[in-house]
Structures are given as C-alpha cells and as structure tokens.
Amino acid sequence: MPSALPYVLAATFLVPGILALLIRDPCRSRVVGFGGGAVASFLGLVLTLVGAMREAPVRIPLPAPVPWAASELFLDGLSAFFLVLVFFIGFLVSVYAIGYMKEFDARRRGQAAPLLLNLLLLSMAFVVSAGDMLSFLLGWEAMSLASYFLVVLNHEKREARQAGLIYLIATHIGTGGILLAFLFLVQTTGSFSFNGFATVPISDPAILCATFWFALLGFGTKAGVFPFHIWLPYAHPEAPSPVSAVMSGVMIKMGIYGIVRFLFYLLPSPPASFGATLLALGLLSGVFGVLYAIVQHDLKRLLAFHSVENIGIILIGIGAASLCQATGRPDAARLLLVGGLFHVLNHATFKALLFLGAGAVLQGTHTRNIEKLGGLMRGMPLTGVAFLAGSLAISAVPPFNGFASEFTIYRGLWAAVGGAGTGGIYLAAMAGLALIGGLAVVCFVKVVGTVFLGNARSAQASAARDPSVAMEFPMGTLALFCLGLGVFPSIVLDRLMEITSFLSSAGGPASVAVPAAGGKPFTVAIALAIAIGGLWLLRTFLLRRNGQRAGGTWGCGFPYATPRMQYTASSFADPILHVFRGILRPHTTRTERLSGRFLLEVEHETHFHDLLENGLYLPVYRLFVRAAFQARRLHPGYIHLYLGYILGAVVLLLVFFH
Amino acid sequence: MNTITILLLLLGFHIAVTERIPTAIRSLAAQGALLALLPFLASPRPLWRAAALGFATVAVKSVAIPAILTHAVSRLEIKRETESLVSTKTSVLLTGVLSLSAFVACARFGLSGQDQLGAAAGLTLLFSGLLMMTTRVKAITQVIGFVVLENGIFLFGASSGSEFTLPIELGIFLDLFVAVFLMGILMLKIQRTFTHMDVRKIHTLKD
Amino acid sequence: MIPLLLLSPVAGVILALLARAPWQAALGTAACAAGLLSGAVIQGMSPRVAAWGDLLRLDELGSYFLLIVAGIHFLCSVSAYGYFRRELEGGHIGPAKVRMYHVWTNLFVLSMVVVVCSHHLALQWVAVEATTLFSAPLIYLHGDRRGMEAAWKYLLICSVGIAFAFLGIIFLSRAAGDIPLTYTALPLAAKRLDPRFLRLAFLFFLVGYGTKMGLAPMHTWLPDAHSQAPGPASAMLSGVLLNCALLSILRVAPAIPGAYASPLLILFGILSIAVPALLVAVQRDIKRLLAFSSIENMGIVVLGLGFGGAARPAALLHVLNHSVAKVLLFLVAGDLILRFGTQKIRHIHGILRESPLRGVLLFGGILAITGSPPFGAFWSEFGILVGGIAGGHLAVSLVYLILLAILFGSFLMYGSDMVFGEGVPRKLSGPELWCLLPACVLLLASLWLGLHVPSGLYKTLERLSIVVAFS
Amino acid sequence: MKFVAHITLFILLGPLLVGVVRKTKAFLSCRQGASVFQPFLDLWKLFRRGIVRSTSASWVFDLSAPVVLGASLVLAAATPLWSREVPLPMHFILFLYLMALPRFFQTLAGLDTGSAFGGLGSSREVAVSAMAEPALILSFCGLAYLGGADTVSGMVAVVPPGRIPWRPEVILLAGTMFLLLLAENARIPVDDPATHLELTMIHEAMVLDHAGVDLAMIQLASGVRLVLFSAIVSGILFPQALSLPTFLAIPAAVVKVVLSGALIGAVEAGMARMKLSRVASYLLIATVLAAIALSVRYAG
C-alpha cells in the first residue's frame, strides 16, 4: 500500500468539509460536504476491502506529533475490520445526512456539520489504524471533540448543551484512564508503539491489574459499558440523527476496539479475572440497558439504552473469550471473540438503521415522544419496513443478523460450558443473554407497535410522509444488510476467523465458524420463506374466494374508540416494569386540575431515575460542589488572612521541611 | 554586634506592642539607625563601602520611610491608635511562639552558634513584622509591619556577612524605598476613595 | 545585544511620554515591542551567549524566556491598541491614563527583561521586585475601588513574598561564602556549598518567588490582581510575569540538592492544582476564572519540575504553552468584557451565535488551556505525567490526573455556557481586528504546538532541562 | 415423503391435542364437553369464511397469520415426533430464537388494529415469554447435555448409553419443560384460553381482531406449537419410543401426544389461573428448577 494513501484519504475527507464551511448556499454546502464525506468513505471502504484486508498487516510511518517517539499506522486484520465498519456506516450516514441536515439550513451553524462529521469519521479511521499510543490518543481526542461539537450542534437547546457537557466530561475522564493504562505499558516496555507493548509482559500483577482497570474505565466509558454509561442516554438523543447513528453504530465501538486491542494484543496472557469482569459487566450492561430501554418513551433515548444493551452482548462475547483464553479453551475463545466482533458489525448495521429511521420519523413528525406517534406505516411505508427489519435484527430474531452474531456467541459459550470447572459462568451468561433477547423483543414490539402501527395519536403523526431518496437509500441498504448478513453470515465469519486465528489451538479447525449441523441460517431462511410464502399465497387465494371487508376495530361493543384509547407504550411496558420495579424505580407524580369541586384533569407522570446516576454520580458531584462552595471561604477577601497564609506556610515549612 | 541584634529585637517588640502609631514610626527610625551600624561591624573593609551602605540605610530607613509614614499620618488625619484584630496579650504571645519556632527551625536545619542566633533573630523580627501585617487593621500599620519585616532580613543579611556589589545593594534600597513610596501613594488613594483606612472593610474582591 | 534589548522598552517609555495621542503611544509601544522581539529572535538564533558586564548575561534559558516575554509583549501591545480604542470610545478611561498604561507597561517589560538577563541572583531579585512595583499601577489604572483594593493586596502580599526571596538570597550567599552569586558560578561549586543554608535558601526562594508565581497558598493576590487589570495588562501579568518568577527559581535550582527540593515542589505543585480545581468550579467572574487557571498551570509546571526526569523538559514546554493559551484567553476575555459590559460569566452567552470568530477563539482557548489535544498544552501535561509515572510518583500522578479532569470539566462547563446558547438580544459589534488578530495568532500557535511539537524546540528544552536540573 | 408426513402429522395432531385437552377438562369437571374432533370442525369453518379487516390495520396485520403458522411449521420440522430423524435438524439456540419470530408478528398484529385489547394481550405475551427465556435456554442446555447433541432432534432423542432413563435431572428437566409448555402455550395457570373476560386474557385478547382464514392459521399454529412442546416433553421421558420402527413409532407418538393432552387438561381442570403479577415467580421457579437440573447433571 503506498504510504501516500492515508494522506489522500484524509484530504478527501477534509477538503469537502472545509469547502462546505466556505460555501454560502446551504444546500450546495450540504451536498459538497456530506457528499464529499460519502465519496471519501466509499473510497476508504474499497481501499480497505481490496487493499488493507488482503495485505494486512500494513505499516505506514507517520510524522510524529512529538519528537520523543515515532508514529506509524499499523493495519492488521482487526484494524481492517473496524475500518470497514467506519467507512461502511460512514458512507451511508453521509448520504443520509445530505437529505437530513436540511433542517439546519436556516441557521449558519449547519455548515460546520459536514466538516465535523467528516472529521469524526476520519478520526475514527485513524484511531483503529494507529500503531502507537500517541497517534491513538490524538485520534481518540479528535474523535471525542468532533462528536462533542456534533452533539451540541443544536446548542440553543439547554438539553443539548448539558448532554454535550456530560458526554465530554465522561469521555475526558475515560481518556485519562486510557492514558494511564498506556503509560503503564510505556513504563514497562519503554516503547510507545503497540508492537513494542506486546513484546514485554507486565510482570507486576498490581500494575497489570491497574492497567486493565484504567483501560476498562477509558474504553468502557466510550463504549457505554454499564457503570460508565450515563452519558450515552443524554448525548445520543440530542445529537442530530445521522450523528447518533455514527456515534451509536461506530463511535462507541471504538471502546470495544480498545478493549479487544488491549486484552488480546497488548497484554500478553491476561489473567482469568479480566475476562470474568468483562463478562459480568457485559451481563449487567445488557440487562440494565434493555430494562431502561423498555420504559423510555423518547425514541432516541430508547435506542441509546439499547446501545448499552448491545455493548453488553458484545462484552459478553469478548469477556468470555478472554476467560476461555485464560483457562485454556482457545477454540471456544476464538468462537466467542468472533461472535463479539460480528455483533459489533451487526449492531452497527441495525442500530445505524434504527437511528436513521428514528431520524426520518423525527423529521416527519417533529417529535421523539413515541406516545404521540402511531400509524406511521401508512404515511412512511419505506421507513416502516426498514425500521421493522432493524427491529427484528436487534431483537435477534432469525434469520436477521442480530441473531447470527448472538448465535455465534451462544455457540462459543456452549463450547466453553463443555469444559470442566467454570461452566456455571457460561451457563449464567447464556441465561442472561436469553433474558436480554426476550426483553429486547418486548421493547421493539412496543416501539414498532406504537410508532408505526395502529392509528396516529397526533396530527403530526398522521401527516408524516416518507423522506427523500437520499435518506431512503441508506435505510434500504442497511435493511438489506440486516437480512443479508443474517442469511449469509459466513461472509463475515470466515474473515473474522482469519483475524482471530492467533487464538486457535494448533492451527485450529477453520470450519468452526460455519455453524454446525442444524444451524445453517440459509436453510432456515429458505424454509421460512417457502412456508410463509406458501401460506401467504394460500391466504390470498382463500380471501379472494371467501371475501374480505373493511371494518372498524372491534371495541367490545364500544363504538366510539379514538386513537387516544389505543394501548400506550407505557402501558405496554407495564408488566415488565412491574416485575423489575426494584431496579427501575418508577416515580409517579400525580397532578390534578380542579374546577370548584370538579376534577377536570388528572395527570400522571412517571419518571425513571437511573440507579447509578442517582446513587453514585450525582451524590459524588454534589459532594464536590459542596466542597467547592466551602473552599470559597478560603478567599474571603481579607488581606490579613492572606498574609496569615504566608506566615503559616513559612512557619510550617520551616518546622517540618528540614 | 549581639548587642545591636538584641536592641533591634527589643525595638521590634516595642513596635509590636505599642498602641500609638507615631511611637511605632519613631522606633522604626531607630531600628534603621541601628541597622546602619551593622555594615561597619560586619564587614568594615573597605570603609567607603560600609560608609556608603550605612548612609543609604540611614537615608532610606531612618529618614525617608519614617518621613513618608509621618506625612501619611498627618495627611490622613487618622487616629493615632494602632488598632489590632487581636489583643496585645495575644499578639505578644504569638510573637513569642513565632520566635520560638524560628529558633526551633534554625536548630532543625542544623544551624548553631552565631549562625543560629543571627538567623533566628532575623526570622523573629521578620515574623513579628509579618504578624503585624496580619493582625493590624489600618493600612499604615501594615506598612510599618512590612518595614519591620525588611529590617529583620537586613539584620540577618548583615549578621551573616552576605555582601553584594554596591549597585545591587543600592538597588535593593531603591526597591524598598519605591515599594514603601508606592504603598504610601496607594494609602492616600485608598483614604480618598474609601474615606477610611480600615483594611478589614476592603474585601469586595473575593470568591 | 543586551543593551539593545534593554533599550527598546526604555525607548517605549520615552515614546509613550512624548506621545500626544493614545494611538501614538500605542504605536510606539508596538514598535519597541517589535524591536525587542526581533532582538530576542536574533539572540535566540545565535549560538553565542550574550553578556554585558558581570551582572547581565543572556544564555539559552534566558533566551527562551525572553522570547516568550517579547512575543507576548508584542501581541499584547497590538491588542492593547484595539482594546483601549474601545475603552476610550466607551468613555471608561481618559487618554492620559492610556498613556500612563503605555509608560508603565514599558517599564514593566524593562524590568522583566532585566529579570531574564540577570546574571547575578541578587540583581534578579531587584528586578523581580521592580516588576511588582511597575505592574501595580497597571492594576489600578482605572482608579476605581476594586482596582485599588487589588493593587493594595498585590503590592503588600508580593512585597512580603519577595522579601522572603531576599532572605533566600542571603542564605544562599551564606552558603556560598566567597563564590559569587551568579547562576554560572553556583552550579560549578554546588558540592562546596553548605547544605544547611542551601536548604533554607531554597525554602525561602520557593515561598518568595512562589508568592510571585501564584503558588498556593501564597496565591491569594493573583485572582484579585489579574481580574482588575485591563485586558492586555492581565494577559501580560498572567502570561509572562509568572514565568519570570519561575525563572528566578530555575536559576538557583542547579545548586540545590534534588532530594530536598523535589518533595517541596511536588507539594506546592499539587496544592496549586488542587485549590483551583475546587475554586474554578464556583467562579462567577471570567477573569478570576482565568487567574485561577494560571495558578493551576504554574502548579503543573512546578509539579513537573518536582517530578524531574522526562517531566522537566515538559514543564519548560508547559511554560510556553501556558503563556500562549492564557494570553489568548485573556485577550479574548478582555474583548468580551468590553462587548458585554460585564465580567460576570452568566451574563455572557451565545457568543458563537453572534460572533463565530470570538466563539471559536474562546472555545479553542479553553480547550488549549485545559490541555486537550490537539493543542500544545496536552503534550506538556502528558510529558509531566510520563515523568511522574517514570519517577515512581504513582499516587501523585493519579491525583494530578484527577484534578486535571475536574478542571477540564469546570472549564468546559463555563465554555459551553458562554460560547453556546441563545445569542444576546443586543447585537455584538463586528470583530475588533486589533484585539482578535493576536488571539488568532496565539490559537494557531497553540494548535501548531499540539499537532507537531517542533523537534528543535524540544531538543533545546531537553538541553535546558539539564541546565536547570537539581544537583 | 417423510417430510410431508412429519408436517402433516403435526398439523393433524395440533387440533386433536386441543380437542383432547378440552375433553379432559370437561370430563374432569363433570361435563360432557364437545367431541375431541371439534377443533377440526372449527378450523374447517374458519377456513371457509371471509374476514373483516380493521381499517387501522396495515400489511403487518395481513402478514402476521402466515408468519405465525409458517414459522411454527418450520419449528415443527425440527422437532422429533416419532423419529429422531427430522426434516430440518436445528440447533437448539436457533430453535428457541426462531420461536420469537411468530411471537413478534403476532404481538405486532395485536397492536396494529389500534385496539386496547390487542395491546393488552401483546404486552403480556411478550412479557411472559421474555421472562421464560432464561428457563427455556437453561432447560435446553440441560437437554443438550443429556443428549450430547446440539440439535433439538438429537438431544431429545438420545438416551445416554448405560444410564437409567429417569435420572433425577431428567425428571426435573421434563418438569421444567412442562411448566414452560404451560407458559408458552397460553395455558392455565398462566393464561386461560377459554375465558371471555378480556382483561384477564393474554393470547386470546391479542387475536381478537383476527377472523376467518387468519384466525384459522393462528389457531392451527397454536395447536402445532402445543404438539411441539408435548413432543419434546414426552421425548425426554420416553426417548425409547423414538427409536422404534416407523409403523410402531407413529402410533406411539400419537399416544404420547394424546396422553400429554390429557395431562394438560387435568392440570387445567385442577388449577385456577394465577394473578398476572405472579407469573414472574412462576417462571423464576422454572428457571431455578432448570438450574438445579443442570447442577445435578454437573455434579453427576
């Protein structure tokens, strides 16, 4: 690969972005900026698929940002896989943004969006291909900043500013963690490059542990892993939808990339506790994520919580893989890692699709509150079909891709159970995964049912129409991929098996990736297609013979049903809420409006407070603020006191520092 | 030499406990005069150098600065009392404690004999000056405290025999003089703007 | 070379005194600043050490600091023209006072040039004291109550601090005996110096010059003084004056045993980061906010010096990075205060909406000062962390990192509140070229230092870090 | 040929099983009850009727019935009924997840008509099955352990050599599967398929707006799924029956299904429907039982 290629690619991302900033006409600016991003992403995708994937590992030296270390791009299979992810989603989202970002036209700041989005994509590509910690950190922070500015693109809104702030602070703390983890490695190996890190193992177990925990803090924050996830449900809803799609689909995966890079590449032979920790966190993220998702009624916030859930699933795969690796079960480890990575791609596909769909809904109806939507399938059939495909995929319904990767994880877990000793952990993981899957079905039946089916609950919802082609094309493509990757998973699985070949025991059977007897998704898909198709034909035939007429929904004899009497999303979630009320902690407030003695209106409002947010982060924050207010007393303005400080300092130093 | 040190300390003590500003200023001038003797005792050769330094000391410390302060007192028409945040007893006690800690500190740093006495005496004077700045209410008493503090440093400098080239020594005097001069100007401005000199009441700038 | 360097601020004073109109004074100052800058650059590029007599000597370390002084002074003088033009238009200040500003600024710069060029430590002390005296009038330039209060505190507290530094010099001379108190002679004789007096000397140096540098707990004058001075003066106070005090500590460092000095520096460093970490979170005044950030950054530098090793060149680099970012912020803040007519943070909002350039400058400055990539301060703070971990100060490094994160959060909170949001109903006037141009230059400089730390600069700093290493 | 026979048998046994259940229930509550073959007649009637389609419904509603029946038939194709050789061998995880497909569409259809009842039924349906998932996975894991195979057909049909067939874990697993059978197929005590109080129903409320052909398909699918679970439970308890020659095995399978129908009927007759809020505990018990079975297996 010629070493000038990265620069060319960077230029194709940045030049249109800068041009977009300069072009006055907002429409043209959009087309140039996002279109340029799409072209660059496509170029990157092609280059990665035909170049980097084949030639990996590729090394390209870079000018270092600092004189004391060298920088390089280092592209191995793992990097190439994530690059595909970045460019693939980047391409589709850029195309989508051409249509979607129209709503920012009226205001000047929309013109910065293409540059920021392109910068975000470029920095993510840089992060996964960085071969040393310095370039990695630069890319990482560029990514964080670019995404921060994209989150606050709507900065007139207080919520957007606040969300951006929470996000930026969280990610900054995370960067601190990553920095420390890297520095421990630097300290041990004396090298700044990833290849250098991998050569010398950390001998001190305490340092090794610290390295892992700091890395987990850093990457886990970015990924939205359970205890560090609090920024995610704030930032994703406030960002413009294409940005949410990129953030949720790709950016949080950078955290996963970091964890995989650390666990399987940089820390040679990590102890079993690391994998077990990740597995446990994965389960927690999965269950908490989906539970919080179920009770949301903000569409994008709900999707954001699902990102937490899916990151949990990915972590289950990765954590179990590390655990298996540490306990000498490399074949299961390989399968688990492959499953986890495959889920990374699949989650990117369907979550991007869902966010883009949510964007289309938002643009059509101007509300994110699903209680105000309904019946959109009529006005926006294409969006509806695509969203349904994404929902089936995220609920892991076969033969969609969400299932394909979870299936791989399951098979890995099952293979791990077979061994002696710690099988219980894997069984628990399987049960947890099953619960997560079941709850995801609940959530997405709720979403699709209340948003797209039934009757419109508001005027905006009934007036909504499908968006422009620029927005439909990416959604359609992603929907096709959701199905295609589910039916033909081996396209990706085989590649991933190659990437993870370092985990195999003695060469390892390459056939593990192809599901064993009875698991061929293609067969099942065909069987389903035949059965359902046949029955559909039968139904059509019978209906033509027997007749069909339209009538109102049966209301148990009550003829005046209105759309408002439909089952609401909150009611739909109630059974689950009831069971898990100990975790979800609903707070219901009731407000009454009286006119004289007559009750005019009663309003019930239920809020859910994040357990961690209320139990951990807010108290710590309040404590800090209280301390800060106390500290103001240090500066009351009296010069006497100030001089006293000096006197005291000198006396203390004289007496104690000799 | 030791006699002068003791005298300086006593004068410093007097300034610290006196309740009248003019008295304090007079003692300050006396301190300056005593300090002027130190170059002759500590490093008498070459004589012209000692004479120059002594002259500068007298000029700045016993003439110029007391003049500025006296002028300020008369211009400002302030009451002659030195108001303090703490009682005289407490401030005596504090001075004692600080003096003790100065000796302890010098001992802990491994100084002994003449070094210890000189350093500790200098530090004591310095601390009592700083204590005055810390506890006195009026701006002018703070300036007096500052001069006492400087005197403490001069005392130690002279007793430890440190010497620099003449331009630097003169620069040091000039700096001190300008500092006190500026403080004087500021005091006048403060008096004009705030119509009082009570530093306690000047605390708008705070967190 | 040194007489020329000294001459240009003197010429500035004379020109300012002769000037009839404020713009003439400003032009004179700017021209002299340009002269000083070009002199500093020429000297910086020449390998020869400039000396003038025994007392004045400009080595590589001095050149580095002189370049910062001259560069910042030049940019501030350009900005001061725009700033005072607005002030005059607004009627906040009279032409006479503007002229006095230029007189005092030039004197102030003169004293700083002397600090940088001093060979003899006592001369350096005299010059540092002079910086206090010459900058105090800048603080109460407006002559209002608050300015006076700030100046009083500044003068008194700094004089006390500097007095302590003088005590340090006396101890040093006691330790040195016959050895002249020059920064070239002392390190050579480091082994022969009396360690007892050396320790006392360093302690008093640290407290004394530390007061001037704004190290906690002697920092109390700094937020008051920096918040009351006019914009360009605040920038100078924060961006270069603190460095001069630091240089005074660096000059004596090679004579001091590291085992004694390092813990002290680490203690003061962490304390100086911790106090702002708490207080920045509850600031209401934009300039006080920036002042606290100066305390923090001086703490970072001192911490880096305490860590030693790889942290030392990074600390020296941080001096530059801090000056660049902080001056940028003070210039932008000065401009904003004029626009909004208030220093209160909560009254400043929606900058980006009204004036994108100012918004970008302010936000960029905040990112730069908090050590966020891709700005220069990131690498220096990073280098200090590397040094800390390499030196085995794990706990301190962790605390340092946590404090930095807290500061980042607080700063971004203010940045987000000020830059974003709905615009003010009153239309902001267009960008004031002379005010914002220097800020743009500084932002680009910080960006440049972040994307690519020049290897020549870094090699120089590594050499310098050996020069200033403790014995 | 075998494939057609397999599917046909499922389709035929479905209504029969439902008939047996109802008959048993009637018998036990001292009623005459309808004929065992009544469900066939019902289906025949429904297939000949047209439908009234809600004006609120979209294509999802139309598609739901074929998807529900089609997916159920695909599942049936993987379930060993009389032989361990099934037309479509399927990994047990895939099998379990495929069960979500009909559920997904059926619950969506319930919401599609915009009726409050549909939503109510759907909501409960998904909630119950979500909470049943861990138990299902664990018991299938247990079965896979016992059978030493990953496919549904393989794991049900194999008796480990040299072991007594009814070991404790086998009993436990069969019990768990039976509990899950009741939960997943809308039987008492989780749901009452015969009630007419809409507010207490789950499955029936969901399909209120389905009529004619659609309703027939859905009822047929329910029957198929009931047979499917019965086949698995009886397969656990009587694995030998699957090894018999075909001419004996098919009658044996019919007998097994009829017997399990009688058992279900007996349970339904003997119990009342649980409060909905207690279903979670019920399913938790199933999960715990499955876990115990696994640990017994693990220890042994």
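So that you can tell them apart, the chains are marked A, B, C and D in the order they are listed, and the count of residues begins at 1 in each.
We adopt the following convention: a contact is a pair of C-beta atoms (placed from the backbone, for glycine too) under 8 Å apart; a residue touches a chain by one contact, two chains touch by 3 or more.
What you see is a predicted model; the values in this text were computed from it and never measured.
**Student:** Enumerate, in label order, the chains that touch subunit C and subunit D alike.
**Tutor:** A
**Student:** Can you identify which chains form the pair with the largest number of contacting C-beta pairs?
**Tutor:** Here the largest contact count links A-D.
**Student:** Any idea how many Å lie between the Cα centroids of subunit A and subunit D?
**Tutor:** Roughly 36 Å, centre to centre.
**Student:** Express in whole angstrom the distance between the two chain centres, defined as the mean CA positions of subunit B and subunit D.
**Tutor:** So the centroids are 99 Å from each other.
**Student:** Using mean CA coordinates as chain centres, what's the gap between subunit A and subunit B in Å?
**Tutor:** 68
**Student:** Just give me the whole-number Å value for how far the CA centre of subunit B lies from that of subunit C.
**Tutor:** Roughly 30 Å, centre to centre.
**Student:** Give the residues of subunit C that touch two or more other chains, as numbers and ranges in rising order.
**Tutor:** Residues 152-153, 156, 160, 199, 223-224, 279, 282 of subunit C touch two or more partner chains.
**Student:** For subunit A, give me the residues that contact two or more of the other chains.
**Tutor:** As it turns out, subunit A has residues touching two or more other chains at 632, 634-635, 637, 639, 643, 646, 654, 658.
**Student:** Name the touching chain pairs, would you?
**Tutor:** So the chains that touch one another pair up as A-B, A-C, A-D, B-C.
**Student:** Tell me, which parts of subunit B touch subunit C in their complex?
**Tutor:** 109-111, 115, 119, 122, 126, 130, 133, 139, 142, 146, 149-150, 153, 156-157, 160-165, 167-168, 171-172, 174-175, 178-179, 182-183, 186, 189-190, 193-194, 199, 202-205, 207
**Student:** Hey, which residues of subunit B end up touching subunit A in the complex?
**Tutor:** Touching subunit A from subunit B are residues 85, 98, 101-102, 104-105, 108-110, 123, 127, 130-131, 133-135, 142, 199-200, 202-207.
**Student:** Would you mind writing out the residues of subunit C in touch with subunit B in their complex?
**Tutor:** For subunit C paired with subunit B, touching residues are 54-55, 120, 122-123, 125-126, 129-130, 132-133, 136, 140, 143-146, 148-153, 155-156, 159-160, 163, 166-167, 169-171, 173-174, 181, 196-197, 199-200, 223-224, 227-228, 279, 282-283, 288.
**Student:** Flag every residue of subunit A that touches subunit C in the complex, lowest number first.
**Tutor:** 63, 65-68, 108-109, 137-138, 141-142, 145, 152, 155-156, 158, 161, 164-165, 168-169, 172-173, 176, 179-180, 183-184, 186-187, 624-625, 627-629, 631-632, 634-635, 637, 639, 641-643, 645-646, 648-650, 653-654, 657-658
**Student:** Quick check on the complex: what are the subunit A residues that touch subunit D?
**Tutor:** 374-375, 377-378, 384, 388, 392, 395-398, 403, 406-407, 410-411, 414, 417, 423-424, 427, 430-435, 437-439, 441-442, 444-446, 448-450, 452-455, 515-519, 521, 523-524, 527-528, 531-536, 538-539, 542-543, 546-556, 561, 563, 565-568, 571-576, 578-579
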